[in-house]
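Sharing a structure here in structure tokens format.
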Amino acid sequence: MTLKALFLNCTLKSPGETSNTRAYIKNAEKIFHELGVQTEVLRMSAYNIKYGNSSDEGENDEWPRIVKKIYDADILIIATPIWRGDRSSISKLIAERMDGIWEDTNEDNGQYFTYNKVAGVMVDGNEDGAKKSIANILFDLNEQGFTIPVNAFTYYVGKAGPGKSYIDAKGDKHEFTNNYILIMVHNLVQMAKTLKENPYGTDLNKLKLQAKEMSK
Amino acid sequence: MTLKALFLNCTLKSPGETSNTRAYIKNAEKIFHELGVQTEVLRMSAYNIKYGNSSDEGENDEWPRIVKKIYDADILIIATPIWRGDRSSISKLIAERMDGIWEDTNEDNGQYFTYNKVAGVMVDGNEDGAKKSIANILFDLNEQGFTIPVNAFTYYVGKAGPGKSYIDAKGDKHEFTNNYILIMVHNLVQMAKTLKENPYGTDLNKLKLQAKEMSK
Amino acid sequence: MTLKALFLNCTLKSPGETSNTRAYIKNAEKIFHELGVQTEVLRMSAYNIKYGNSSDEGENDEWPRIVKKIYDADILIIATPIWRGDRSSISKLIAERMDGIWEDTNEDNGQYFTYNKVAGVMVDGNEDGAKKSIANILFDLNEQGFTIPVNAFTYYVGKAGPGKSYIDAKGDKHEFTNNYILIMVHNLVQMAKTLKENPYGTDLNKLKLQAKEMSK
Amino acid sequence: MTLKALFLNCTLKSPGETSNTRAYIKNAEKIFHELGVQTEVLRMSAYNIKYGNSSDEGENDEWPRIVKKIYDADILIIATPIWRGDRSSISKLIAERMDGIWEDTNEDNGQYFTYNKVAGVMVDGNEDGAKKSIANILFDLNEQGFTIPVNAFTYYVGKAGPGKSYIDAKGDKHEFTNNYILIMVHNLVQMAKTLKENPYGTDLNKLKLQAKEMSK
């Protein structure tokens, strides 16, 4: 069983431009490779992702290509820079499009296609905003079908005010951040394996009927 | 193996006063009982919980009694009313005191005592603020050692503005909310069982050394 | 002195599609007109607004057209639908681009071109997320140079779960929401007038030097 | 006209203990004094403030003493340390109790007693969480009757992870933070003066009736 980890890089930078978030992801990839996990990184700004809340917003929409990648992944990691103390607008856009998961559920038990996948979050910025970004993203991921193993995040930020970002600040040598990268990756891998062998048995169709009954 | 679920009710109401959050919890308890899980509910306002960030803030501090209960539980549920569009101040206080978990880690692998427990969130209010509260609490729980199974939350809110709370609004008959209670409880129970048999093997002591090495 | 109020409608809906946020704005416009204030509404999704943090992101970027409109306005209102319990991705994108204000400051006193304008927020959704959206937007506006008069926001949301949005829910007849529209508009107008006659005298260039001195 | 600025220090530290937030406030006080404004600092942990949402929660509740101080102040500043990436629990408690303002409104125009006061926010922490805290507090203050002048906040945070707090980190020499202290204080003072001479004329009683009419 070879696990696959997919990173969605939500940098505002165009393809070709240097992305601090990309450099940060590289350090997580190394740990995944040490554990025998395949990785793939997609820069969201390289795709034409339309605004909306479905998995396919029609002509020229490239989100369906990302959805296919999520299908194939065991582990999803949302990686975002901080802008204005919160996740990037692209990161929010991705979250909105992920609502499309509810279009595609298992007929037998109603589970969304994400239901036995795990997810984590990486956030980097020159300053303040990491924990807010993480909280917002974890909530979205959890509602959208992912299991969140313990300590499933890592972040880098500098001091208050304008300052160096991850690469120039040598974030790759910041011990606190590295420690959380390690913990996040190890726990994601373990939980992904555990879920492969112990998938949720929850029958959402049945619980829906039970809810209707309870609410009479 | 009988599982135990512990609810921390973060209502601002004094013991003896009617708590909407307590009524809401009752409906989750029923589902746990159907699944053979024991439940216990503690109203935080009944305890003298001092301000601070350790597990014991000295004289007259009753938080240590709560810590013992968390030790014994397999499943922790933070239940909070909404005030000012966010979790209650007591709920935030609890989160601050939970930082004490880092005082008590396993010598062999550095895991905090919460490391193989699961957690969920219940939020009720007369209006707006549920998702913000949930995001904040999930982040705290995840950093403090808990695994968050899929869809590990449920909430009830009414329309914008002053209005009826859970009991008077007959929140117990709100199908959407009941559906999420059911899903949350089922997933918490399944993941608690899964973790009993598949605890995290992550060695935090070793990863700490590895982080130090990476950061040179 | 005729005041101008500019609304930025951050709906995800394409031009031509029905926008609940647009219907909501209409009710605020009426009150502005009663008070003799001109209004203009721009739907952000109608423009090609590139990702970034400057006022001009180059070829085909249409944000500079919006910036000109903000220059000419006395009152700015960010109006956003709720998606995933938070403001829309377009609303976040706008906030990121607004960081461009720091490129264009008054030589004499260092004030940004927004410094004597006032701002408010309108949020609508079928459910939960209004106060979180408002808090996030107010913070951005305040850092980006706007004064926030008392009660400078209004919102509409329905009960927990899927449900009708503003138009179908007859949000235009929701008294709580209408009351806040009225208060917001009246206070925005009064403060805009007050600032016309009492602009900030704060000399940001001088305070910058004083800060340098304090920090030695 | 001598203006009065009131700081509510929301540190978790007991009276007598060193509070980083208190040290930070001192630097803002100096600027106020330069501008001829009187200052007073109250440490919230020194008072027995009961949980609740009214201005007086009965026996032994000391919040009414704070309310009197707010009455007498022209400028209110909420100063809070960061815990868990958000404002302190005491800061949230204060916000909840401030809801009591709605008990005491002007008969003639329905304005709350805070309606012509201005407010600002100071946040300090060893790491991440300032902007989230500020956004949350600004929202509360704005709903509770305060005008927020431009740039009405200042914050200090260090790099990601455990680290030195304001005093040990020499936050008093951090130029970015000092610059914002200066701007905040200058703008608060100017707007407080402006409002003394140009109070809001908004008649909330009348708007309430108009809202009722609009909603038929």
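So that you can tell them apart, the chains are marked A, B, C and D in the order they are listed, and the count of residues begins at 1 in each.
The criterion applied here is as follows: a contact is a pair of C-beta atoms (placed from the backbone, for glycine too) under 8 Å apart; a residue touches a chain by one contact, two chains touch by 3 or more.
Keep in mind that what you see is a predicted model, and the values were worked out from it rather than measured.
Counting hops only between chains that touch, chain B reaches chain D in a minimum of 1. Residues touching across the chain A-chain D interface largely coincide between the two copies, over half of the numbers being common to both. Averaged C-alpha coordinates give centres for chain A and chain D that are 36 Å from one another.
With centres taken as mean Cα positions, chain C sits 30 Å from chain A. Rounded to a whole number, the gap between the C-alpha centres of chain C and chain D is 23 angstrom.
The set of chain C residues touching two or more other chains comprises 84-86, 131, 135-136, 139, 143, 174-175. In the complex of the two chains, the chain A residues touching chain D come out as 84-86, 127-132, 135, 155-162, 174-177.
Across the complex, chain C meets chain D through its residues 27, 115, 131, 134-136, 138-139, 142-143, 145-153, 172-175, 178-179, 181-183, 186-187, 190-191, 194, 197-198, 200-202, 204, 207-208, 210-212, 214-216. Within the complex formed with chain D, the chain B residues making contact are 12, 14, 45, 51-53, 83-90, 92-93, 95-96, 99, 136, 139-140, 143.
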